[in-house]
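First chain written, first letter: the chains are A, B, C, D, E, F, G and H, and each begins at residue 1.
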Amino acid sequence: MITEIIIAGFGGQGVLSMGKILAYSGLMEDKEVSWFPSYGPEQRGGTANVTVILSDEPISSPIVNEYDVAIILNQPSLEKFEPHVKKGGILIYDPNGIVSPPIRKDIHIYTTAAIDTATQMNNMKAFNMIVLGGLLKILPLVKLENVMKGLKKSLPERHHKLLPMNEQAILKGMEIIEEYHPA
Amino acid sequence: MITEIIIAGFGGQGVLSMGKILAYSGLMEDKEVSWFPSYGPEQRGGTANVTVILSDEPISSPIVNEYDVAIILNQPSLEKFEPHVKKGGILIYDPNGIVSPPIRKDIHIYTTAAIDTATQMNNMKAFNMIVLGGLLKILPLVKLENVMKGLKKSLPERHHKLLPMNEQAILKGMEIIEEYHPA
Amino acid sequence: MSEEKEIYLLKGNEAISHAAIRYGCDGYFGYPITPQSEIMETLMDEAPWETTGMVVLQAESETASINMVYGGAGCGKAVMTSSSSPGVSLMLEGVSYLAGAELPCLLVNVMRGGPGLGTIQPSQADYFQTVKGGGHGDYRLITLAPSSVQEMADHVALGFDLAFKYRNPAMILTDGVIGQMMEKVVLPPFKRRRTDEEIRQQCPWATLGKPADRKPNIITSLELDAHKMEENNLRFQAKYAQIEKDVCLYEETNCEDADYLFVAFGSMARICHKAMEIARSEGIKVGLIRPITLWPYPYKVIDSYSSRVKGILTVEMNAGQMVEDVRLAVNGKVKVEHYGRLGGIVPTPNEIVTALKAKFGA
Amino acid sequence: MSEEKEIYLLKGNEAISHAAIRYGCDGYFGYPITPQSEIMETLMDEAPWETTGMVVLQAESETASINMVYGGAGCGKAVMTSSSSPGVSLMLEGVSYLAGAELPCLLVNVMRGGPGLGTIQPSQADYFQTVKGGGHGDYRLITLAPSSVQEMADHVALGFDLAFKYRNPAMILTDGVIGQMMEKVVLPPFKRRRTDEEIRQQCPWATLGKPADRKPNIITSLELDAHKMEENNLRFQAKYAQIEKDVCLYEETNCEDADYLFVAFGSMARICHKAMEIARSEGIKVGLIRPITLWPYPYKVIDSYSSRVKGILTVEMNAGQMVEDVRLAVNGKVKVEHYGRLGGIVPTPNEIVTALKAKFGA
Amino acid sequence: MSHINMIDPANLVYAKPELMNDNTMHYCPGCSHGVVHKIIAEIISEMGLRDKTVGIAPVGCAVFAYNYLDIDWQEAAHGRAPALATAVKRLLPDRLVFTYQGDGDLAAIGTAETIHAANRGENIAIIFINNGIYGMTGGQMAPTTLPGMVTATTPNGRDIHLNGYPLKITELLAQLPGVCLATRQAVHTAAAVKKTKRMIRKAFENSMENKGTSIVEVVSTCSSGWKMTPAAANDWMVENMFPFYPLGDMKDI
Amino acid sequence: MSHINMIDPANLVYAKPELMNDNTMHYCPGCSHGVVHKIIAEIISEMGLRDKTVGIAPVGCAVFAYNYLDIDWQEAAHGRAPALATAVKRLLPDRLVFTYQGDGDLAAIGTAETIHAANRGENIAIIFINNGIYGMTGGQMAPTTLPGMVTATTPNGRDIHLNGYPLKITELLAQLPGVCLATRQAVHTAAAVKKTKRMIRKAFENSMENKGTSIVEVVSTCSSGWKMTPAAANDWMVENMFPFYPLGDMKDI
Amino acid sequence: MAKIKGTVVVDEERCKGCDLCVVACPCDVLELQPRNVNQKGYHYVYMKNPDECIGCANCGYVCPDACLTIYKVKAE
Amino acid sequence: MAKIKGTVVVDEERCKGCDLCVVACPCDVLELQPRNVNQKGYHYVYMKNPDECIGCANCGYVCPDACLTIYKVKAE
């Protein structure tokens, strides 16, 4: 099995690190993983994205044409990546700031009100974990325990105290994700 | 007709400028000419040489294996170039400072006591013109008047007052050249 | 040690830094430039001067960096630098000096799109610069083209080892894809740095200070006497011929029954691998040759297929550079075409398959 | 004017300087290096700033020189620099920028033996650097290879004209033989420098100050958007293809009945000419192809002999560089061999004839 | 008078400069570059020199300066802006020629070009944005990074023994006979902005009057590189940068 | 006592230094390079550091320094000696590392490397031969060429408007915190030679004691480039170079 | 007594919410939108206390993105 | 009274005839060979007034080519 995922949003939203945690989680499950970011000069509010591939076989190309899963966190990214989700694939987006929602009917679309939830939790840092929770709910790519292991691995020691908060955020994300059907 | 000449000695002896005057003289006679120096960082008393070719036809290579004429002004140059004079060719040298004179019997060898003569004339600057005079005596490659024209052309205006002195030196050189027969 | 066999998830750039420390690298000198700044940043973060004693210095420019490499290499130390295309161009005088003075060292170019300031996106347009002659004069760089993060790590030791074996600079020629992507990687075990005494033995030419019992060691690329300079060059050429005999790394995949071959290096080989899978799934028998050393180039292995396949497609992120070497390899025996994307665009597997069909009617 | 048809006896280097002044060159920026320092020295001596208004400036380095050229060229001015091998290596980032910003200018490399500091004697070992890619990225330099002092003068105008026609840097690639030798030369008549108004018309892209009625002119090689950067590159490639169609200079001598061909450029073509004479005098029918433009390269004309001759010998003062282009030209149809001397040694006509016999049993 | 009624050209006291176009600047929020851009735009307008100006952009965050000010621009290779400017000014002696450079560009890789252009007394103005860091490439140490300052390549703070001392290049330049103006300013307050504007205007006048090289250093913030909010960065600058890089004129002749 | 009898090691007061070998130096008659070579050879012997010394030769007339002093040498690319020295000294911290550079090498193409090595306070000694000209390449203008001085590229004398000002780089270096010693000396008289020797020795001691960067400028002659006899060149130097490049210590801490 | 009054027009789409104008204002006139963001996702600035504005333009001078236009009148 | 006497040994083949030692000598001891040259063509230095030499070594210090060896004794 191979799952090709794009995560895209504004720089600063934690797009790259969400991808990193996903990749680390895959690593904990002995999967093959690849993580390829859009990179550049400081993103300065521009868009950022990362392609994460989890696979049981060696991964040939870290760059792909189409995605099994697209996680979309702002309007420009939605426009850019919605067309590249594989038929029957998954698109998850946070409706905050989205003025024209997705329209495809040949894919599964979900919303996660992660920004609002994080604001309510008064913890914007949890935002990307909430999104990740949503993904794991609908596509249990990796076990939660392995996500936590991955997180532990990817965070410097001094941040390990934040682990419980992150776990809560993931669980919260699993709760709030909702299916969306374009009109 | 094509004449391939090497002039070689210490840097500072006027080797390059003698070649230049020869080339200019050829120019005055509408010959094809080429002048190719050994070049380098300041010669600092090292050896310097220049290949001058005078020809009625276009000159293909400015660099040659063997010379019709070799004009030799110090010991190292003698050692270097004597073997490369064409059979039947000409070698002219100033015996001053030469400890082992030329030995070939298949070429024509001449001596010109130019250094001594110049010292006597109290005019070391005339040295290379004396040598040139010798060459012209035994091989009238270019007419004296064209040498003078060439000289005029190659010297900056402010040095034109030196022309008569140079002419005298050439004439002197024609006088003092002597054939030499190796033992 | 089990800790050392631990699997890491690292960027290609980071893998290079960790591998360098573990190799016992003595010094890194560099200047920031995207997409490779993580190499120096990782080293600064690891602070190996506190552990192995490795020196890490941010230089004032790439020009300074490469000349620091020259200074360090002249002492027989295992030193390296890294940069990306424009920065590497600034190093070329120094690279030619390194080659001319026969100094072992490791250079890394994480290529980005040019010419000029260009773009920071991935590219392979410095192939010619690296394998034909960026700097002046006849010289060669042992050139390694990793196509995975694991190879980024592995090629550090390989590059240094070859560099020291032949007293010649080695270059890891990679690009923004491999430099920036994260993959699993097994890092090599830690080796300690060589002592000065070991260097004196292994590199008797190194300038470590002249003891009474040997002549002065002189590191120079100068020889004003053209005859002696020619001798130097003949010695270099003989060495290059020896390296060509000894070293030639490549990877063949599905070539035995192939009607068409992809030839691609580095990140493009990864993408061609996927394109090969797609083409095979459509019934087109495609194989892939991945040169791992770009110099020495695997001319022979490519030529060995020249009368067995119907066509060869080189895929490069440039306007057609390695394709010349493939053409030189097959010497007219089979049609060789080039497919490339430029200026930072990474071709997708699908478009490569399409290109194959278009060029060869496959 | 008769005065202008006067015949001069000049060094190749000096011819370049006089030709530049007469062309109406606007600026020269350079740094001393043997064997080409006479170019700047002659300019300084002529003091054209007092006559034509040409700027002549000794820069602090070759790096500065090439970037001054960039600045001047960006203003649509006809500007140039010159150097020799190590100095040219230092210019390569700038050269890539010039190509990437599509700036016309004239570069001169009077090659000496490398690699490294090498020697100051003549060499042709920067062929690859010039025609394949010295700097980073896919770019091309219009490359002229004069083989006489007359051509040194003539190629100044030719180089500038082509550079401006195609908005691309042009390079005169020559060596210490041609740079240092004196020959007869007819200098071109004086042309006055273009006025700013003329430049505005001929180079609407030039940065001369933005009047109200046009958009700002921007000279840059940067484009962070990879798609746009690819478009830029495709534009460059299209331009290069056009130049390849339009421009290709070479000289054929005695090729009609030839059994063997010499292919050689610059000073080596002169020496091969003599070798050809010697060989013919011995009854070996040898012809000579002298590429005058090294890029675009006369692939077609060489290929046109590939089924008519028994062998081709390229003669170069390097370890075998242009020979690859000759091989690419004939694509296996005829045996191509290389003869070269290295490190500053100029081969003699005799040894070339000997090499021909040895390689082909001619 | 209601707010809406005040909005009348007659009452205008401050607006986006005419020469600054509508492109969104790519700079991070609060980046000093934008302020200096505005100042330059205003001066060129005020001096009526739009058609006589050639700006030289650096490699650094200001590489895209050419996208924001509607004048002719050249984009230089990293550190070489003074070399470009030298040629431009010598070939177009009646133009205003200025470079706009960051600390990495001017004081690291471009050290030789900067010093030699200034020492030749090229009639150019050099605007030098000293934010103590390499902004563009993600916050590595610059030659001007303060001791102890954390950057991507000094994760534990600049250690002078490992990384050398911060370089006060403007002090060096001030001593060169070719330099007619050398000053250090900032743009964190309205007053500072006005002072900086006066000095840049003077630098531009010097270029037009061929008086030699002028250098205006602007001590700046880089909130992204410093990992602070823009306001906090200003405070940090006042507290830490100013003592080391004191504002004021070093030379003005 | 007859002259022949005086020739006894016991009576020796001066001889070719032990570390200087028998190769004929390629320098022109009277060239200052030779004198400075001798001084360096003497000091290394006296300090007993032959087996601990790495010298860095420049591109310039002294490129062949490695042929004359029997120590380990590296020959640097033009202007980059301080970069080499930086790496050598950091990798071999207990060695004596010095560069030997001409004015073109150090103060033109190598400006950035010189300033940054000094500013980092690399523990190296820089011996700087300022002869106001590019000797090696045939006498072109150097950054230190005096106004009015005739060279191959200033045939009518250096004109500061065309060619810029002479650069007093040692004065600049003296101000960098990384520099512990900056001095300007000469070698035209026995007394000057002795003084220069003291300062170079100090510079070498500084390198061994890791006190920072030392720079010893030696105002020198280039009789070939200046087109004078060596003796006349010395006089010209005293009359013309010394007023502009006054001898003395600028910094010594 | 003539009182000086000012007003500030914000180019909301240009604003990057850097807060520098807010800090620079001597009269506490400005504030970043606490919730609303512009299309680029920034909390842009607005006049919280419009009547306090004296039209000094301090805000304008320090705004890096030239988002602010300032007008001033002498009010009765 | 003890008089200081010196002598100078010239490495004639090393000497380049630069004249610097001649100029440096306080006692007019040295001179360049007016006619003779060494193998490199230089008029090398010799002791014209050997008895004037005080062994001060000034000549040695300034000789760029390290041609001079100087000895000194206290003569009665």
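Here, contacts are C-beta pairs under 8 Å (C-beta built on N, C-alpha and C of every residue); 3 or more make two chains touch, one makes a residue touch a chain.
These figures come from a predicted structure and were not determined experimentally.
**Q** Please state, in steps, how far chain E lies from chain B along the shortest route of touching chains.
**A** 2
**Q** Two chains share more C-beta contact pairs than any other pair here; which two are they?
**A** The largest set of C-beta contacts joins the chains C-D.
**Q** At what distance in angstrom does the C-alpha mean of chain D lie from that of chain B?
**A** Once rounded, the distance between the two centres reads 34 Å.
**Q** When the centre of a chain is set as the mean of its C-alpha atoms, what distance in Å lies between chain B and chain G?
**A** Chain centres of chain B and chain G, defined by C-alpha means, are spaced 87 Å apart.
**Q** What whole-number Å value describes the gap between the mean CA coordinates of chain C and chain H?
**A** 60
**Q** So which bits of chain G are touching at least two other chains?
**A** 16, 40, 42
**Q** Where in chain A do residues touch at least two different other chains?
**A** Correct list: 40-41, 45.
**Q** Can you list every residue of chain C that touches 2 or more other chains, as numbers and ranges?
**A** Residue numbers touching two or more other chains: 34, 57, 60-61, 63, 86, 93, 97, 101, 116-117, 120, 220-222, 224.
**Q** Chain B touches which residues of chain D in the complex?
**A** 7, 9, 34-35, 120, 176-177, 180-184, 267, 270-271, 273-274, 277, 346, 348-350
**Q** Which bits of chain G are touching chain E when the two form their complex?
**A** 5-7, 9, 11, 14, 16-20, 22-24, 40, 42, 47, 50, 55-58, 60-73, 75
**Q** Spell out the residues on chain F that touch chain E in their complex, using ranges where they run on.
**A** Within the complex, chain F touches chain E at residues 108-112, 115-116, 119-121, 143, 160, 163-165, 167, 171-172, 175-178.
**Q** Considering the complex alone, what residue numbers of chain F touch chain C?
**A** Residues in contact with chain C: 50-54, 56-57, 63-64, 66, 69-77, 80, 83-88, 90-92, 95, 112-113, 116.
**Q** Could you pull out which chain H residues touch chain B in their complex?
**A** 16, 37, 39-42
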